[in-house]
Each structure stands twice: as C-alpha cells, then as structure tokens.
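Across the two complexes that follow, chain A remains constant while its partner is chain B and subsequently chain C.
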Partner chain A sequence: MKNEARLSDVHPLRILSGRRRWWMLGIVCAAIWAALGLGTSPAQLIPSGNGIEILEEFLAAGLTPALDYESQVPAGTAPLWAKVLDALRRTLIFAATGMSLALAIGLPLGVLTSTAWWRESSPASSWSRRWIGRLGRSGAFVFLRALIAFMRSIHELLWAVLLLAALGLNSFSAVWAIAIPYGGTLAKVFSEMLDEAPRDSAAQLHDTGATSLQVFLFGLMPRALPDMAAYTFYRLECAVRSSAVLGFFGFPTLGYFVKLAFVNQHYHEVWSYLYALIFVVVVLEFVSSLLRERVVIR
Partner chain B sequence: MNHSALSFSLTEVSLDFDGPAVLEGLSFRIEPGEIVALVGPSGAGKTSVLRMLNGSLPSAEGSVLVQDQDLKTLPTAGLRELRSQIGFVPQSFGLIPNLRVIQNVIAGRIARMGTLGALRAMLHQRAAELDEVHELLESLGIEEKLFQRVDSLSGGEQQRVAIARALYQSPGALLADEPLSALDPARARETLLILVQLARSQGLTLVLSLHDIGLAREMIPRLIGLRDGRIQFDRVTSEIEDHEIEALYGLKPSLGLHEE
Partner chain C sequence: MNSSSRRTQVEALRRARPRSRLLRGTVMALASWTLYAWASPEIALGDSLTERRLTNFQNFIREELWPHALRSEPFTFSGLWAWGHGIWNEVGASSTLATLQISILAIALSAVLAWPLSILAASNFATSAPFSPEVRDSSRGKQLVWTAARRASRGLAILMRAVPEYILAFLLLAVLGPRTAWPAVLALAIHNGGILARLGGEVVENLEPAPVRSLTAIGGRHGGLVVFALIPLTMGRNLLYFFYRFETCVREATVLGMLGVVSLGYWIQDARSKQYYDEMLLLVLFGSGLVILADLTSALARRSVRRG
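Up next is the complex of A and B:
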C-alpha cells in the first residue's frame, strides 16, 4: 500500500499538490515581502488634502469636454478644435513615420534572428568552409539577437530622453525614439512567428528543388505573414499612444497640450485632447480587426 | 518543356530511424516511363521508399540511383536540379493554405525561376500562365477553384491541387504518396485514370503508393508488395495471385495460413 502512488499525487496539473504547492507558496511570500518592503499602508489609497476635490473636478470635466478655450486667449488664436486636430495630426505623423521606420528595421532583423532563416540556408560543400560558415553564422546570429534585445529593452521614453540629449528637441529624436524600440520588438515577435509557422509547405517546396531563399520566401513566409500583418497593426496602435505620451517631453503631440492644459487646470480641455486620442485608437482598432478578418480568418 | 522520363534503381537499401529496421535490403529498378504502384499494409515502408526516390530521405545503407546518378554523392546543386525534375505529391499535400489555388500551383515551378521571377509569378501571373494552370485544373475537374483560397477547399479538392502543382512542374517522374486517400471511390478511380493516362501520354515515370489494392490491380501494370520493410513480390500485375495479396495484408502471417 505504501509503494502505490495515488493518481492525485502524480497528476501533472494539480496546482496545490506536490512541488507546485511550494512554488505557489513562494510566489505569495514574494508578493507579501515586496508589499511590506514598499512601506505602503492602505490609508495612502485615500486622497489626502484637496486631492479628492481635484479628482472629482477632473472626472466631472470628462462629461463636458471643452469646445472652446477655458480662459481668455489673444485675438486671432486658432479655435480649440483646430488646435486639437493639429495635435492629433502631429501625433499620427510621428506614429506613422516611427512605425514605418520600425517596420523597415524590424522585418529584416526579424528574418535574420529567426532560427528558420539559418536552418534554410544551405551549408557549403567543403568541410573547412562549412566550419567557417557555421562559426560566422552563429556569430552573426548571436550579435543580431543581442542587438534587438538592446533595442527593445530600453523603453521608448528612455530612448526619447537619450535622443533629446543627443539630437535636441526635433522631429528626428521623436521618430527614432519610437522606431528603435519598436523595431526591436517587431524583430523579436516576427522571428518567433517565423519559427512557429508550420513547415510542411516549406518542406514540399524544398522537394521541388527550390533554393533555400525560395523555400524561405515562398514556403515559410506566407504561413507567418497574416499574423505578422495583424501584429504590426496592433503595434501601430501602441505607437499612436507612445507618440501622444512623447508630448510630455515637449514634442508637439497630444501629450504636450494635455500637460499644458493640466498644469493650467483646464480639465475640460484635457478631456478634449484625451477624447481625440481615444477616438483615433478606437478607429485603428476597428481597421486592424477588419484587416485581421481579411488576412487571418479568410 | 517536359523533362525526359527518369529511371530509378535501388540496390540493397536499408533504413532505420535509430530503432527497428524500416526498410531491409530493398532492390528494384524502375525504367523510364514505367508505371508502378507500391502496395502493402500501413507501416510497410511505402512512404519511406517514395521519399528516398526523390532524395529527401537518405538511405542508411545501399544506393539510390536516379538516372544512374547516385543521390549520396550528388552535390547540393545537382540534387536540386534532379529534384526539379521529380514531382512529388505528399500524403499531407504540403499546400500553403492561406494562398490561392493559382499561387499554389505556380509554386510547383519556381525552382526553375530566379527568386525575383518567382516573386513575380507568385504575385502577378501572366495570361499564358493562367491559361496553362486553368487547363491543368480542368483535366482534374477543379478549374472553377482557380482563384479560391486553398483552406476553403475540401480535402479531395486540396489533393487534386497538390497533384496539379506536381504536374505543373512538368516533371520527368511523378511520385505520389496515397494520392487518392481523400477522394470518394468514383473520384479516386477517375483521378487514378487521369494520372495513368497523363503518364502514358507524356511518357513520364509514375510511382505511387496505393491502399486501394483493387484499383491498383485493375489499372497499374506493375506492383511492388511491401511488408515490414521487405519486398514480398515485385511483378507484372497480371501474374500476381490472390493468395499473395492476402498474405501481403494478412494480419497474422506467422500462423502460416497461406504458406504453401
């Protein structure tokens, strides 16, 4: 009786038994330890001073976004709606340019950092060349992987700070602040999609005598392309948000005007800009779901 | 445009996937333009033999010769060139499901184009190419599917697209692994007839594995019976007797029910 394991003990997916129990306990302990180390108390959740009034005022303003300036403006100033549209236009321009650049960087890097690419390329015939080729290939592979890890591990806001210092407050620094980390992320996700794509059609193409490049381009790429397109659209959505937030650093996108209005306590104006942003994100979401339906489902 | 018919010959070929032997001491020769079916129970090694004939599965021992060229000593470029002359219809079709039928058929010939030419052909087919593919699909009875996505087709239709792709390659030999498995009896008969007639009229070598022994005996002039990786018989179909077929598929040959 003692030697017979019960099924409930060896069941691989029982969370609360066996080793898993200790993992779960460890995770809970880590959370408690971190919370204690933070030194917070639930009391801090309740706004102090006039914080509650500010919060109330801000949220209430959401019901009535400003249609016109909340304070006196000099004669000849463009109307508020024109200013919102202009900020929106700039936000989209930065996002679209940054994203185009990110795609131009991310697609080739994604291909070159997929294991599928290096698997498809055929080895040289002679023994020595094969070894040199193998060393060169693994060197390039590791270098490019490290490069995209570096690109994406620094957040776009941090890139913005770095580029602001290096290039100054101009359009280039904003565009590159989006393009570099987004290019790295696209490369990473593209390479995974290429590696996970089904390989039967590639194998079949290989059997017809196609070259490695042809096998990759026409046997493997088409299988991953729908997912890659859908993901790119999702990242465009993210790029619009990032572009808006870059305004907080002084770039003339939505964030800049949100910040100004907030500092001046023009909460209704803040909401006008926020609604513009929400509108664009919703439209993009709609377009990308249409696209996904066309290319992914059929 | 068609390649000249290919010959195949296997000499004492053995194969094991780090386990019990899959194929043991196989030898046979297939002449150019010959029509041969591999028959035998599941797991007999039919697929392995076919994959060896196009060089996608190297033999552990023995030699595989195509057009008297040894696949083992052939350089990569030579092997590619040889493969472009061999059409292969795998059991799982190997189609690209999210592309159109036309693109999948066109893909059969891209080995003979440059990469840019292949890109052009995949994205923008010339009128002559469209006509050729349409004609090919017509002979297989699926011409109205030309512009449909492959994943919207039935299994039987996909199978015929795979056959069309292999034929569009204008091969010197056609290897087909259970090319009738997804077809209903009437379609299976019709498709096999089409394949045999095509092979005859174009003079190409046709090697296929078939599980429908009745159809094989009716239409294929030469049968190679495989069981447990060994050749049980390899003869002109008309000379093969019923008891040999029964022994080939019999569940317990060890009982010796049909042994004389």
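Up next is the complex of A and C:
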C-alpha cells in the first residue's frame, strides 16, 4: 500500500480537491435521496411495542451466554456445549468444502480472465491466423468475464434458494451455493492481482528465451501469489459467515440454531451460538493479519 | 560454470529461501480440515444424485422455470416480454429501487460509524504523542486513556464485523418491527462499519509520518492533526474502500428482504413460498442486473478517485 504524502497535501481544503469533491457531494445527495425515498426517519429507530423489552433482555443475555439448555429437554439429549460445537463443526465443513471448490473454479478462471495471460500467449505465424486468433481470444475473454460477473452478481443465499428449489435440501446445494459466487469473486480478484503484479521477473525470463507458459508460471504467478493467498484467506473468513447464515434456510449450521433459539426466546442460547461464530471469525482474522505481517509484506 | 556447480548453487539458493513455520502450519491445518470436510458424512454427494433428485431437477428446469404465461401457448418473444414487463411493473421496479436506496443509505451510515472508530483504532494516532517517535508526554494517565480508547474501538469494530448482516437484520427485525427499512439499513451499516473501520485504521497506520510530524513540531495535537492531516491524507483511500464495500452492500441488500423488509428479497421469498419458480428466477435476475450496474459504478468511481 503506497501513500504518497506530500507536505502540500496537509491543508484542510484538500479534502474538497479535484474529483473527490464531486464524489463526496454525490454520496451525500444520494444518501439524502435514499432516506427520503425509503421514508426512514430517525424517530422510527425507537422500538415500539415490546421491542424495547426484547432489546434489553437480549443485550443483557449477552453477558451470560447459556452453558446449559434454558428449557426442559428430554433425558439423554447431548449437552448444549456439544450441540454448539457440532453446529460449529458443520459450519466449518460447509465453509471448507465450498471454499475449496470455489478455489478450483476461481483459479483457472482468474488466470484465463487476466489480460496478462492473453498477452503472454505466443503470436501465430501468418497475418490471417493472427487476426482469427485475436478475434477468438477476445471472444473467449469477453465470454469468461461475463460469466464470472454473472456468477458473483447473485448472492450465495440466492444461489442456495435456487439450488434448494431445483435439488431439495442436501449438502450438494450448500456447497455449490458457496462455490459459485465465491469462485466468481476469486476469479475477478485473482485476475486483477495477476495484472497488477510487477513484471520485472517476467520480462527477464522472456528475454532469456522462456516460453510464454514458463514466463507466466514462473515469472508472473509467484509475484502475485502472496496477495492471492491473503485474499483467499480473507474469503475463507467470509465463507464461514455465509455457511453460518445458510442455516436460516434449513442447513444444520449455526444460523439454524440461532434462529430456533431466538424464536423460542432462549436469548442466552442465541449468544452461545453467536460467541462460537465470533470466536472462529476473530481467530481466522488474527491468523490472517499475522500471516500478512510476516509473510506478505517483506 | 559447469552444470553441476550451477545445480549446487541453485540448490543452495533453494535451501536459503525464506520459510515461515506459521504459513506452513496454517496451510497444513487448512488442507487437512478440507480433506476431513469432504470425507465427512455431512457431505453426502451420493445422496445428492439419486434418481428422484435428478427427475426433480429435470422437471424444475423444463417446467417450473418456464414462464407461467407461456406454458399453455407457443413461445413468442412478445409473450415473454409481456410476462417479464408485467412482473417488473408490478413488483420489480419498486423493489429494485428500494434495494438500491437501502444499500446507499446503509453504506453512507457505515462510513459515518467507521470514521471515528478508524482514527481511534490507529496505533500511531491513538497515543498521547501521535506520530512522534519519542513519548513527549510523560503523563501515564493520558497514555492509559488512549490505550483504552484504542482497544475499545478495535474490539467494537471486531464485534461489528464478526456477526453476518443476515443474522444482525434478523435480530434487529424483532426489535424494530418490519414496518420500516431500518433493520436492513442498520444491519448493513453495522457490519460494513466494522469492516471500513479496520481498513480505515490501516490507512492511518500506513501514513507517511514525516508530513504529519511537521505539524506536531509546530504544536499540532490530536484535534488539529485530524482536521489538517488525517482527513486530507486518508480521504482518497477511504473513498476507494467506500465504493468497494458499496458493491457488496447492494448484493446483501437484495437478500435481506427475504426476512421481511421490502427489497427484492421480499418478493423472491414471496414467489418462493408460492412455488412460482419462474417469477422467482426473474426477480433474482433483476437483482443480478442491479448488482452488475453497481459493480460498474463502483469500478468507475474508484478509477476516477485514483486518478485524482
């Protein structure tokens, strides 16, 4: 990350310099338009009916998450902590399978949609062949770009809803619901990272007579790899959250139990599940920031 | 240089390459968890491809996704257009607009929430002697207050972003009721506020200290530094992150309607519960179109901000 700080920048009027001024003004106007259009007023933020009681009770329960069930359960039911851990395990299973499939889709698509890949591929010999090749290549390029844009323009929960309608409730639907949009997102970000990676080693390999594939694999890829790995790790964290939310649609992940406990007004149990999710997300974020500090930035 | 000495040289270079046990450990752990996950009984791929499911799938593609209006008559493009246009006029246009408005209001609010948090979370600013290599202020009390403020704002930002928007909206809906768009707006604002706070904090921490020190040298303290240094210097990058999150906000806003707030998701859920899958697919595609438009806007805005 490069910040070109100059002494001349240190002036409050610089906030409103250049295009930034127009974008800021645009944002403020758009926000006012949106608030008016939605008819939302701050007065509506005061909970009505029993909303205040629910809020107070729910927030108070946050200080004492449940260690045991809040209501009578049949004898022989597994203890609450075992149930929380099992829900967490299932959440991580869907996250890992979905994410690994997304990586298998996103990596090749990311390479194929980077302009660097097409530039490195070898030029054809004759004039007419070159033009046919160029046309075909740009056609494939546009098609693949459109494909990944479409894949990620539909939210993972909507993919889940579509797959549930088509295939019914099974693990296959959950895995693909995560894999399709995440694959598209990974492909887009990977292609940008490959295009923005430094070209010096690629150029040197090219000059020593390496083939285009070698230049790409050994000159360009390694330069982009740390960024790509860091981003994949961040998406894994997102996949854990998405997998938890899939529970709201019937999959046995954390969201399912959060919903159930909340509807039954077992607010302390809700917090037990929420803390399990928060714990995993915080651990993943901690590891990823450590990795970025020690490995990516050197 | 003969080939064997070259080989030993390459081998020596390979052995001297930077290695990280943390990285290896993480990769190993993730790889083995992924293997376990694929092998676990929860991922029953055999169950997914039973005869019954495949027939259902064929029916779904051939019949249920086929536009309702065209099922009894031969296919014409004008018939398809009339069907789609009818749904667009009836629910599509208004809920697509509401989805856009929810996401704009939410991202603007999240920027307002994130801004103070990002400044307080930056370790080079939130000390008693900001941007100074030496601790000028010997008062330990002040130092403690700043440390407490930094920890608190970091912790708050982590909590805000750790809970998914969908769960936040579900909880807020019970408190605020479904009459307004606030549950969706607040859920998006809180989650994205947490993310923007972290990204914004990193921007402050990565600032070149020299220009800011020129202000501390002439007596600039926290308030002055915020106005004269932090706002102008971080504005560009913060705008980039703002537009980057706006894009994801639009995707999420579509979905939050499924909980009962009037965005596209509300009508998607409605069509789903009636098993009008043709209509459901069309509404999903309206949402997809909106997201692609927001994507383009965001890319355009970021390019323009980057240029100046």
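Basically, the second predicted complex is superposed on the first by the 266 of 298 C-alpha atoms of A that agree within 3 Å, B and C clash if a C-alpha of one lies under 4 Å from a C-alpha of the other, contacts with A are read in each partner's own complex, and residues count from 1 in each chain.
Methods note: a residue touches a chain if its C-beta (ideal position, glycine included) is under 8 Å from a C-beta of that chain, and two chains touch if they have at least 3 such contacts.
Predicted model only: the values in this text are computed from it and were never measured.
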Once the shared chain is lined up, is A:L205 touching chain B (first), chain C (second), both, or neither of them? first
Taking the superposition on A as described, I'd like to know which of chain B and chain C A:R223 touches: first, second, both or neither. first
Partner chain(s) touched by A:I278 [first = chain B, second = chain C, both, neither]: second
Once the shared chain is lined up, is A:F58 touching chain B (first), chain C (second), both, or neither of them? second
Comparing chain B and chain C in the superposed model, the one touching more of chain A is C
Please work out whether A:L213 is in contact with chain B alone, chain C alone, both, or neither, and reply first, second, both or neither. first
Which partner does A:A96 reach: the first (chain B), the second (chain C), both, or neither? second
What part of chain A is shared between its chain B contacts and its chain C contacts? 295, 298
For chain B, which residues count as touching chain A in their complex? 54, 56, 75-76, 79-88, 90, 92-96, 98-99, 107-112, 115, 118-119, 122, 149, 151-152, 169
What part of chain A is in contact with chain C in the complex they form? 1, 3-7, 9-12, 14-15, 18-20, 23-24, 27-28, 30-31, 33-35, 37-40, 44-45, 47-49, 51-52, 54-55, 58, 90, 92-94, 96-97, 99-100, 149-150, 152-155, 157-158, 161-162, 165-168, 170-173, 175, 236, 241-242, 244-245, 248, 252, 255, 258-259, 262, 274, 277-278, 281-282, 285, 287, 290-291, 294-295, 298
List of chain C residues in touch with chain A within their complex: 18, 20, 22-23, 26, 30, 33-34, 36-38, 40, 42-45, 47-49, 53, 56-57, 60-61, 64, 97-98, 100-102, 104-105, 108-109, 111, 158-159, 161-164, 166-167, 170-171, 174-177, 179-182, 185-186, 202-203, 206-208, 210-212, 214-215, 227-229, 231-233, 235-237, 239, 242, 251-252, 254-255, 258, 268, 272, 277, 280-281, 284, 287-289, 291-292, 295, 301, 304-305, 307-308
For chain A, which residues are in contact with chain B within the complex? 122, 125, 200-201, 203-211, 213-214, 217-219, 222-223, 225-226, 295, 298
